[in-house]
Amino acid sequence: MKKEHNHMKNKKFGMCIDLDKCTGCGSCMVACMSENNVPFREDETDKRKSITWITVYKITNNRPFPDTEVCYMPRPCMHCEGHDGHSPCVSVCPATATDYDMATGIVSQIYTRCFGCRYCMGACPYHARYFNWWDPVWPAEMEKYLSPDVSPRMRGVVEKCNFCYSRYQRALDKAYCEGRSDIEEDEYQTACTQGCPAGAITFGDLNNKSHAVYKLKKSPNAFRLLERLGTNPKVYYLSSKEWVRKAGDNYIKGENPKNIKKSHH
Amino acid sequence: MKIDRRSFLSLGIGAAAGTALTPIPWKMMDDSAIWTQNWWLTPVPAGGEVTYKTTACTLCPGGCGLRIRMVENRAIKVEGLEKHPVNDGGICPIGLSGIQLLYGGTRVKMPLKKVNGKFVKISWKDAISEIALKLKVLRDKGDAYKLSCLTGSDKDVTSLLLKRFINTIGSNNFFANTTISDSYEFVIKKVHNIEGSMSFDLENSDFILSFGSGIIDGFVSPLKMIRAHSRIKEQGGKIVQIEPRLSNTAAKADKWIPVNPGSEGMLALGLLHVIVKEKLYKSNIVSDNTSNFEKFRRLIIPNTTLNKAAETTGIDSKTIEKLGRGFANARKPVAIFGRGKGDSPIGFGEAGLVYILNYLTGNINKKGGLFITDNKKYINWPEIVKDEITNAGLDKSRMDGAGAGSFEDTKYITSRLADLMESKDQKSISALFIYNENPCYTLSDSKKINKAIEAVPLVVSFSSYLDETTAKADYILPNHTNLERLQDVPSVPSGITGGLVSLSKPVVKPMYDTKNTGDVIISLAKAMGGNIAESFAWSSFETCLKSTFKDQWNALDKDGFWFNPGKSTRQCPDLDFSKLLDINLSSIQPQGSKSKFPLVLIPKETMRISSGYIADPPFAVKVIPDTVLKNNDQVVEINPETAKKYGLHDTKYAILTTPFGEVKVKIHTYNGIMEGVIAMSKGLGHIGYDKFINGKGENFNRLIGPVEDPDSGLDIAWGIRAKLTRA
Amino acid sequence: MDSALIPKGVKRCPLPIFILGIVIIGIVLLWGVYAMILCWLKGLNQTNMNDYYGFALWIWADLAIIALGGGAFFTGLLRYIFGLDELKNIINYAVLIGFICYSSALLILAIDVGQPLRSWFIFWHANVHSMLTEVAFCLSCYFSVLAIEYIPLVLENRQIDKIPFFHHLGHNMHKVMAVFAATGAFLSCFHQGSLGGVAGVLYGRPFAYREGLLVWPWTFFLFTWSAAACGPCFTILITKITEFITGKKLVKDNVIDLLAKISGWMLGSYIIAKIIDTIYWATVTAPSLGFNLMDFYKDNSFYGIWILIVEIAVCGILPAVILLVPKFRQNKLLLYTAIILASIGVCLNRWVMVLQVMAAPVMSFDTWALYIPSWQEIATTILPVAYGIILIMISFRYLPIFPQEKELNSIE
Amino acid sequence: MLPFSFEWVWDAGHIVFMGGLWYSLSILGMGMTYCVIKTIIDINSNDQTENDHH
Amino acid sequence: MSKQEDKVKEISSGNLPDDEKNEAIGFGIIFFIIGIAASLIFGWIVFPKLLYSQKKQPVDFNHKLHMEFVDDGCESCHFFREDGSYSGVPKLAQCIDCHEEVQGEDPEEERFVEEYVAKGKEVPWLIYSKQPDCVFFSHAAHVKKGGMECKTCHGPIGESTTLRVYEENRVTGLSRDIWGKNISGLNKNTWDSMKMGDCADCHMEETGRKSSVQTEKDGCLVCHK
């Protein structure tokens, strides 16, 4: 078969989220749930048991009234590359249920392989991984809206954002049928990117100079979460506010974020 | 040969050893694991051909275009329609969850009739003929005018068909839910004496002064506003947000100016003082087109105005002066008003002054400014056919007093519905149709409405869902849901300056025995016979809609919307300042005695909670933060200092009391709120619907009562005095 | 009634009392079994764990009992490999305690995973880079070693021993026991260590993360060392408790003293290593990731710096000193204090390395996660205790566990 | 676990790790097999004296 | 307990005379062998029969016959949609194109027209190669991009004149074709089984991709959803 296709250049899908634009409306979370067959329960107010692959954090500058400032921070899976693909979660999974794909830069989670040890959840500092504490139940006739592109998860396994990989698959299929071997930037966008009313999320190949994310990640306002840990995430944030950029990492009192050498990859 | 235990032992060992060499243990181990991957507790969605269908959202007045992903004949996902003038591909949490309203468990599955307090099944035919009979009796008694109707909007074809229907019967008493749009129309009517509304061209403005408008919190046309907000951020426009609480809009604004609740109008006055005194306004505008400006100038120019404004608003006069100058000196300033989502009107006092603020900067009908939009109806139906009863009924004035006397320019005083329902005299409602509205939940003092509605002999609900009001109805004639029905979706003007209509089209076959309300009205009219049937000569709602839109229909059908960016802006006419000379701002003070209720309760509105007639579907409920709802407890926000003062602690229970009732709440201390103010999310505390929606939190509307604006009569209740005590 | 089963020359309580005891403990056991079945049938929603607290009480219990069970491998190592012959008088009991600890640990793991029927994936689809894989492999292998070590003891039951096959088997197994023990020690060293590695490799969790040697973080070595130090203390503790309950002296003082002394050396050296590790972590590792030591102990109602002080000073240095100074060690009260403190210390260390790791926020805007276990978790954690007591009761009654018992308690 | 499994890669990690595992398992297995076989031989040699060894 | 002691004695062979003992050992070996043999027979022959239930297709279908009438081979009925997705087993609407009325003399066809076409009911075909829900299989990638033949995975089904019995694993609910006819899992042809290993082997051979950090094979999400 066609070996030449297989040396397609490695992609590195990533995201840039403009926090100045993000309004905290929550559409990304719901778009994701709807796209990815995420179940819901009667009481979802225990946020530590509530599955939302992308979660919008509300962060504040912790200053008293009226100097209080608030910023919303949507947090999908960061798809950490770590060092050579050894993201915090991938290397700890005992059953190889989660993996880093060098061809896409996407951290996969295979629900049918996972047996629910939850070690990966402990390893992830972003809390991007969710456990199915309950059997998924869709009341009334809601099973009808389930998408066949994403398999519903059984209880007792971990799940997380996969950058809507099923959309990538569909885009590729279309390209193949049209005789192309690769896709355009706009053919593969995640559900949260597409749904965001503010246009705050940009998604694309971080390796591809023609993609919007390539430029955005180099903005002086760009930062990533917990870069100092060496997780090497693929989600970039943009904020014009210094306190927001500083909240992305931990600093010892007196440390100047600008002087910190962050592990760069 | 003796078969002893040893033989069995040997046999057993042999069998065990042998079994290890067969596929049994290995295959069973593998299969049992595969079994857990396919077990019955996890559904397997069926595959099939994927198609997309275009429609429009009817869950809020925003009017977004939708693209529904279908697999075979199942609707899988709601997405935003790209290139749609409102949302261009974006979508809000409620719109996305529309799919759950379609397939969820809160649907009314067939027409129902209440017999002895319980709903029983009834056929469409019987239901319609029974209702028609009751209406005939009403007409025969001379009580035709006692038929009333309440709808969520008075812009769409179905609502207008309902209006036409009750008019034909012989009643003027059509009501629609009143919102900030009513204030806009009222102001335009009052100061310019024309029919029109307002639209704010935020995205092209460089200085947006927002009087508490939740630009990104769901204001009127939420997605249009959010998109405008992003453009503002890109283009470097400034946003100044004036409101007591650090809402999301305030958080994203360049400056947040906390203001005492209800004193926004005074701030506008203060700003006008600065602008007029320092002559920062566009002089040509004042000289060319205005009357009585000098009187107005003399009224506001004394320094006491500024001092009073500073005192009332809690903003020091320096800040007001700076703000006034900044606003007036901006290239393209615009002042937007209407609090939160714009669900409630505001008093003419405040609205009029903010409008003047815009007017004096000369931004009317200018790019980045305020546009006066044409309110002309797109509907040109033949006149209704009247008989004697019709004429007699239409000669009567409205029961609520709107459209006459001091409320001449007001369309509906919907807050008076409760009184009219309870009343035993001539001015009482004997039959009420309710469409796209849930008054038992959404109107102020909902406790009173809930009681009053029981006094109405005939209540007909067209709701698709078993909401609070529908539960009290005598007949339920369920409409198709959002994704099942044909309906026009007229745009609300506040964000769109052009003419825009979208079309909601059925993407799936109706799941249950429901009917489009438009068709039901036509059938009902036909069942009534006579002039009423004649007035509804359409064979079906679809033909009605097609004939209504004529030339636009093709675009609607093909693209899902019809848009003409230039159309519908009105000339900026003269402004008569005399209307503003006796503005009364004291009415905006929250109700209740300050000594008994030392705090002020204000609603908190966000994109994640639908506070209109549609309740939050499960997906949207899922993204409500736990600082708003914890288990089933409503959480209220207060400043840590206030909490300390009243001995309240974060995450602990407290009793919230207002003149209208008390509820148990949980405390969330938050630095982003003024001292002495309590914020409580609006849109929770449903008692209708199913367990995924109801019983969560408390209904804000239960805690406030209607406050009539002395100028317009509209219910402008926003905050209310309250107290918090430790539970 | 069951005298034929009881080893010759020793006295046991009357059967009805024994059965009564079994029944009482059995009820607790059944309660645990009920909770366990609930967890299996209904899933892990029966617990109070959550997405922040993916590892909770169970994993702590697992790590703690494995550390406490470390007495088996270390005593075995000393007895069979280093040839400390006196220890043969306590090795049986050490093995039994180890067997109980490890079987309990495996049982808890079987409840703890979300999909128990797939747990064999950890073997078949193993990811060799995962510390948990190492744990699972070594744990189950070492459990087989303990079973192999326990079997000869069972075979020594008076009636079983009468069967030539079992008699010979027991004898033969004794002969090659050193090989098994050596393998066991090798396996045990690794999995005690890999349990430490579980937390230490989490480079996304600055509270747990440690640099290290080759593929192993320092916690790998600290865990092995602490298990070797505190395991024997636990063996002594259980022996003393058994002596107290049975009212008999079962092991001679010189044996206990020897084990205590070795424990003392181990504990002393461990605590020095632990202090060095803590200092390095607090002054080099954590600050390089943006954390001060005190960041890990603030803004919450439970995890204060006290926990570090108790672990190192009260439950580390203090018992080490007691065990190392002969005069202290030979004072019964002080000895008991030391072995109890050492046992608590290792449990506390495991608590910190499992639960505080989960609880401490990493993102600057995140908050502490505290949790209270559900009754199902508590019941299933008590289950192994009940099971252990029952197994000890039965083994003690019917097996010649303490070689010195006859000598120390002659019956007329 | 075995080179037949999907995840197997011929690298140092797998060889050392699995090597260690199989080494341990085979020692245990061979040890037990030895004991059992030795026992069967012992019984068949009918060495009654050994019975009284205790 | 003396009773117990008796039992112990009985088991113990130490008291038996030599030849009796040898005989006992002999019996023991025989029984051991019987045990092995019985379990082998059960495991290799009976077990597979018990494990799979046999289901008949609702209507018989002659692939060979249909192949003669169509122009585009398999893709005539099992076609690709415009969006790149694969249609799989044809829907009734496709069959109706030809089978509005009974065409031939096959009683199966007659039954098909009567029971399904006339009633507008979809045929509940049992799909031999149906993968579990967790599997994403892209026909486009294999057929369009990879240029593979249908036969490679599906075997010579196009030449069949009748539909064979569908066998369903009673435990997993999956088609037997996934594991393969041979219970041992050994294969002769590429289409003999459709397990993950089969996919992976071919991917290794054909694509040579080693992008997965853990397995040095293709990424997991390439085939999983």
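We just call them A, B, C, D and E in the order they show up, numbering each chain from 1.
Basically, a contact is a pair of C-beta atoms (placed from the backbone, for glycine too) under 8 Å apart; a residue touches a chain by one contact, two chains touch by 3 or more.
Everything numeric here is computed off the predicted structure, so don't read it as measured data.
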From chain B, the most remote chain by mean C-alpha position: D
Chain pair that, of all pairs, has the most C-beta pairs in contact: A-B
Taking each chain's centre as the mean position of its Cα atoms, how many Å separate chain A from chain C? 39
Cα centroid separation, chain A vs chain D, in Å, comes to 47
Whole-Å separation of chain centres (CA-atom averages), chain A against chain E: 37
Could you work out how far the Cα centre of chain B sits from that of chain C, in whole Å? 62
For chain B, jot down the residues that touch at least 2 other chains. 32, 35-37, 44-45, 47, 50
Out of chain D, which residues touch more than one other chain, so two or more? 6-7, 43, 51
By the touch rule stated above, which residues of chain C touch at least two different other chains? 115, 118, 121, 125-127, 129, 133, 164
Show which residues of chain E lie in contact with chain B when the two form their complex. 10-11, 13, 23-24, 27-40, 42-44, 47-48, 51, 81, 83, 85, 87-88, 132-134, 169, 171-174, 179, 183-185
Of all residues in chain D, those that touch chain E in their complex: 6-7, 9, 43-44, 46, 48, 51
List the residues on chain C that touch chain D in their complex, please. 123-129, 133-134, 137, 141, 144-145, 148, 161, 164-165, 167-169, 171-173, 176, 179-180, 183, 186-187, 190
Taking the touch rule as given, give the residues of chain A at its contact with chain E in the complex, in rising order. 1-3, 5-6, 10, 84-86, 90, 96, 99-104, 106, 108, 110-113, 149-152, 162, 165-166, 169-170, 172-179, 181
Can you list the chain A residues touching chain B in their complex? 18, 20-21, 23-27, 29-31, 33-35, 37, 40, 42-47, 50, 52, 56, 58, 60, 62-66, 68-72, 111-112, 135-136, 138-148, 151-155, 170, 191, 194-200
